[in-house]
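Paired with subunit B in one complex and with subunit C in the other, subunit A is shared by the two complexes that follow.
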Partner chain A sequence: MTASTPILPGTPAVQRHDSHWASAGYVPPWLPPIAVAGALLILVPLISMATRVEWANFGALVTSPSSLAALALSLRTSLAATALCILLGVPMAMVLARVDFPLKSLARTLVLVPLVLPPVVGGLALLYAFGRRGLLGGVMNLLGIDIAFSTTAVVLAQTFVALPFMVLTLESALRSRGARYEGVAATLGARRGYAFRHVTLPLMWPALVAGTVLCFARALGEFGATLTFAGSLEGVTRTVPLEIYLQREVDPDAAVALSLLLIVIALVIVGLAYRRPGSRRAQ
Partner chain B sequence: MVLNAKHAIALVVLALGPLTACTAASDAPQNQTVTVFAAASLTDTFTELGKDFEAANPGIKVVFSFAGSADLATQIVEGAPADVFASANEAQMDVVSAESLTAAAPMTFATNILTIIVPSDNPANISSFEDLASADVATVVCAPQVPCGAATVTLEDKFGFDIPAVSEENSVTDVLGKVSSGQSDAGVVYVTDVPRSTDITAIPIEGAEAAINTYPIASLRSSQAADAASAFVDYVTGAEGAEVLTAAGFGTP
Partner chain C sequence: MASRGLNARVTVEPGRTLALLGPNGSGKSSLLGVLAGLLRPDAGSARLGGVELFEISPSAVRWPRPDERPIGLLGQEPLLFPHLSALDNVAFSARATGSSRSDARELAMSWLRAVDAESLAQSRPGALSGGEAQRVAIARALAAGPSVLLLDEPLAALDVDSAVTVRAVLADVLRDRTAVLATHNVVDASMLADDIAVLHSGLIVESGPARNVLARPQHPFTARMAGRGLIRGMRTESGIRMQDGTELLGAPADDAPAGTDAMLTVRPGAVRVTQVDSGTQRPTRNTLTATITAVETHAESLRVWAGGLIADLDLERARDHAPTRGDAVTLQIDPAVAVVYRACATRGIICN
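Moving on to the complex of A and B:
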């Protein structure tokens, strides 16, 4: 995780515009032990889970047809949801950070709602909005759109729960950074569009990567909203978390094996995203 | 003096009264808490039974943890402090008894059968189980891995067709949600689930008895309140339990 990218507003933002990690600041000596305790809180359950996996059957468990169908579906839907998060989240973050409009703080709070809402309730809300008898159901019916129990519904649910991560990450980065660099670019004669493409976007890059990774991870792990809104059918709406939940009813070993695979996939993708930190940043 | 002596005797009697009462009651389990892990579908009936049981057995407190039977079985196997386990199917009770965690042989205390549910206005005009064979009907069922889904498969086999379900849910609650919201045209749930929603209508399945789901209950070996736990099991499997369960739509063995 890029330390200079506060994820939540209110997190003290350390002002760094490039990667001077070598000159990282002072850390009080009592702090690392607490950090280790925090890391253990995450690591110990993961390691405990790994000890329960029947490694002899691991391959067979995760390559069963139902597991593979779930994996393929999860990757497709999570990538689509992440793309939607970028498409919708970047403009939302820019507007929140740089445009003044009435009730802005209310808007900023509303963006947080999907984070606070229990995902199952989020799924119900989506059902009440886009369901056959939902608020928009009539209009969608007229247009011949029926997303009930479809893969589209899965993507919609994942986007709903993941979007706040993109907006919050980007917006706090933009706000803490201000518009000084664009100002400098303007004094050097850059047009606004040019400055946006060549100054603003590159400055946003680390936060954009962080937001994208968070969105993808959240979409990959999405469970409650999908179950409530989209249903659960192999190859159509049953993503890996839903498959894990179902497998656990009959075969907890398969559920644990599949969970581990999900974690590995997430780690690989996060690792790839952060492979060369700073390489695409502003010169 | 006489008056004083009488007073003294009266005081002694008054003071000893509660003591003797305590001595008499200490034969029965007292000031014990029975923790009951019960399947989510038993929430209403067991809450009621727990109150009745507490009223009939002063000094015993019954607390419940309601969740899916598979969740509860996992928790018990991992050492959760439960005194009684009431499962919605035999498979999950078997998980617990396979680890030798039950104190006595599990007893069947209730049965349940399936029914069709449709949104109140019945948009697809469903009138029988055979109507669910049509691909034009958006039917939601439980997945075969969970008890209600296994029962549904049994019925499909008996009727000789597969329901082209648009979704195979993890629990009856999820099926109920999809039907009561009108998202699907029909669903298959237990008869005891019908009162849980006012937005649905039940359409009985002729021949539903072909797939009977049984609910076993057992007290657990690790219990710190073994007497109270077996007393609660007796209560549920006895006449009082049968009365409450029957009123809720369950069958009793």
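Moving on to the complex of A and C:
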């Protein structure tokens, strides 16, 4: 640093545009009440559920053998599905954001289909692909693999519905940042693989964390595709949402207790995902 | 090369710095992008010290990736990797090409020292000022050991004080280095470059040693950028004769024979402007009459463009009778300051 530099050390090189003006002045007065109504729509059911919890038996209800089996299965499958989403989603987002190929917009639309498809339909589609009599069933029979109604099927169903969250999050991050840093890395002699590992991945880290958390949440909550494609076998394919649906008839207290557990997990996940990991970058 | 309407041929001698001088959108950045390998042209080729850098022609396509080229690029924005310290930014190239961490850091430290940024080594890019970041970016580009360094408006994004510091650093590191500098700034071009090529709408309109190009322009556009008046005519014994027969006197800079195409250039300070209808006594020696095409304030005076010449008019004097666009004026040229020299037969050839 030289004495002639007039800018104070620590001054951000790039000022955020929105820091100069208070943003609240631009909201029409009739808008906040509607926003509150929307928030109540989400909040009231959650509170109502919390009031129904049998607090005295809560521990026993969520640690019953069937609850524990469902929780363990959910955790295992969701983690596996999340790992698959990272493994498949990073290359998909890179290709969509950085490679020009024919019918690219069609490809992007197809990737996002699971987002808008009813999960039951997704489950059926998976069944017709990987099921015993599915499109790939013959090949898989020959190889001695039977996926349908197995834990693998649960993971596949969860990956199917969660993958778009990863691709969407990463691709928008990649596109908004552009490839300028990768260009710099290339002119500095970094091969594409090195630049990907040492520039692209670190820069997409906040988006990767957000995408991972979203994928895990979506996988944990998966119900329709799992039920259709994997069935509901205790300890094998009966995840927490399926267990809740089953207990709803037999033991409503257990269903409510497990539901509350899912809500707490969801809150923690949303808190993690929206901690705005990128907000420190401007400093 | 042809890319985005760019059609240019440039040569830079080893150890020299060539400035590509042109306004925004004239194709400077595109040309640098093509050389660095970041922008692929429709057709073109480049050689580096006798070795082919790339070639795209109907008969051959050889287009190495940027990382396979011995070419460095410094942009308008520093683009330091935000997740690495200044030191690790400078060490990036060495690490990427296989050096050990300690070797890379040692090399990086010596380059930070070269740009007077040693104390910034542990800083995160976000904590640096624009000028500091650009100095670190210079060190990073040089640490890669490029055969040719490309600089794309390296001072354009800096405030005046930072620009002064960074310009001094650049002047230092560009000495004896092969470099191409894209700039729209005549001051940067004349202070940093040995040679200048002037780009106008994707074409190179003239090129040559920096001092010659700016002091004796061949193209009206160059003259405008250099802030000089320029008139084309035919060589006479002691000046030029314009197409309309007006004869102007000036100091000959070469011994071209009378009757050949010639140029006369003069700086604004040596041109006196008088309004035709102002009633004041108009000069008659070494004058020409023209219509004002533009007027703007320039420091303490009004700068007037007319008939290819530029003249400065004292603001005090211009007060009662401010000249405006379309006014007829008489321009008197100081024959001792005006320079007369050979005009190139065709534009774009090097004859400076």
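Methods note: the second predicted complex is superposed on the first by the 217 of 283 C-alpha atoms of A that agree within 3 Å, B and C clash if a C-alpha of one lies under 4 Å from a C-alpha of the other, contacts with A are read in each partner's own complex, and residues count from 1 in each chain.
In the analysis below, a contact is a pair of C-beta atoms (placed from the backbone, for glycine too) under 8 Å apart; a residue touches a chain by one contact, two chains touch by 3 or more.
In this text, all values refer to a predicted model and were calculated from it rather than measured experimentally.
J.: After the superposition on A, what does A:131 contact: first (subunit B), second (subunit C), both or neither?
T.: first
J.: Touch test for A:249: subunit B only (first), subunit C only (second), both, or neither?
T.: first
J.: Quick one: classify A:231 as touching subunit B (first), subunit C (second), both or neither.
T.: It touches subunit B, and subunit C stays clear.
J.: Touching A:76, do we find subunit B (first), subunit C (second), both, or neither?
T.: neither
J.: A:198 contacts which: subunit B (first), subunit C (second), both, neither?
T.: After superposing on A, A:198 lies in contact with subunit C but is clear of subunit B.
J.: Which holds for A:184: it touches subunit B only (first), subunit C only (second), both, or neither?
T.: Second partner only, subunit C.
J.: Per the contact definition in the header, classify A:108: touching subunit B only (first), subunit C only (second), both, or neither.
T.: In the superposition, A:108 contacts neither subunit B nor subunit C.
J.: So in the superposed three-chain picture, is A:148 touching just subunit B, just subunit C, both, or none of them (first/second/both/neither)?
T.: Only subunit B is touched by A:148; subunit C is not.
J.: Check whether subunit B or subunit C contacts more residues of subunit A in the superposed model.
T.: C
J.: Check subunit A for residues that touch subunit B in one structure and subunit C in the other, and list them.
T.: none
J.: Write out the stretch or stretches of subunit C touching subunit A in their complex.
T.: 36-38, 65-67, 69, 71-73, 75, 78-79, 81-83, 92-93, 95-97, 116-117, 119-120, 125-133, 140-141, 144, 159, 161-162, 164-165
J.: Where on subunit A does subunit B make contact in their complex?
T.: So the residues of subunit A in touch with subunit B come to 124, 127-128, 131-133, 148-149, 227-228, 230-234, 237-238, 242, 245-250, 252.
J.: Mind pulling up the subunit A residues that touch subunit C in the complex?
T.: These residues of subunit A touch subunit C: 1-2, 4-7, 9-13, 180-181, 183-192, 194-195, 198-199, 202-203, 205, 281-283.
J.: In the complex of these two chains, what residues of subunit B are touching subunit A?
T.: Residues of subunit B touching subunit A: 68, 70, 74, 138, 140, 143, 145-146, 165-170, 174, 177-178, 181-184.
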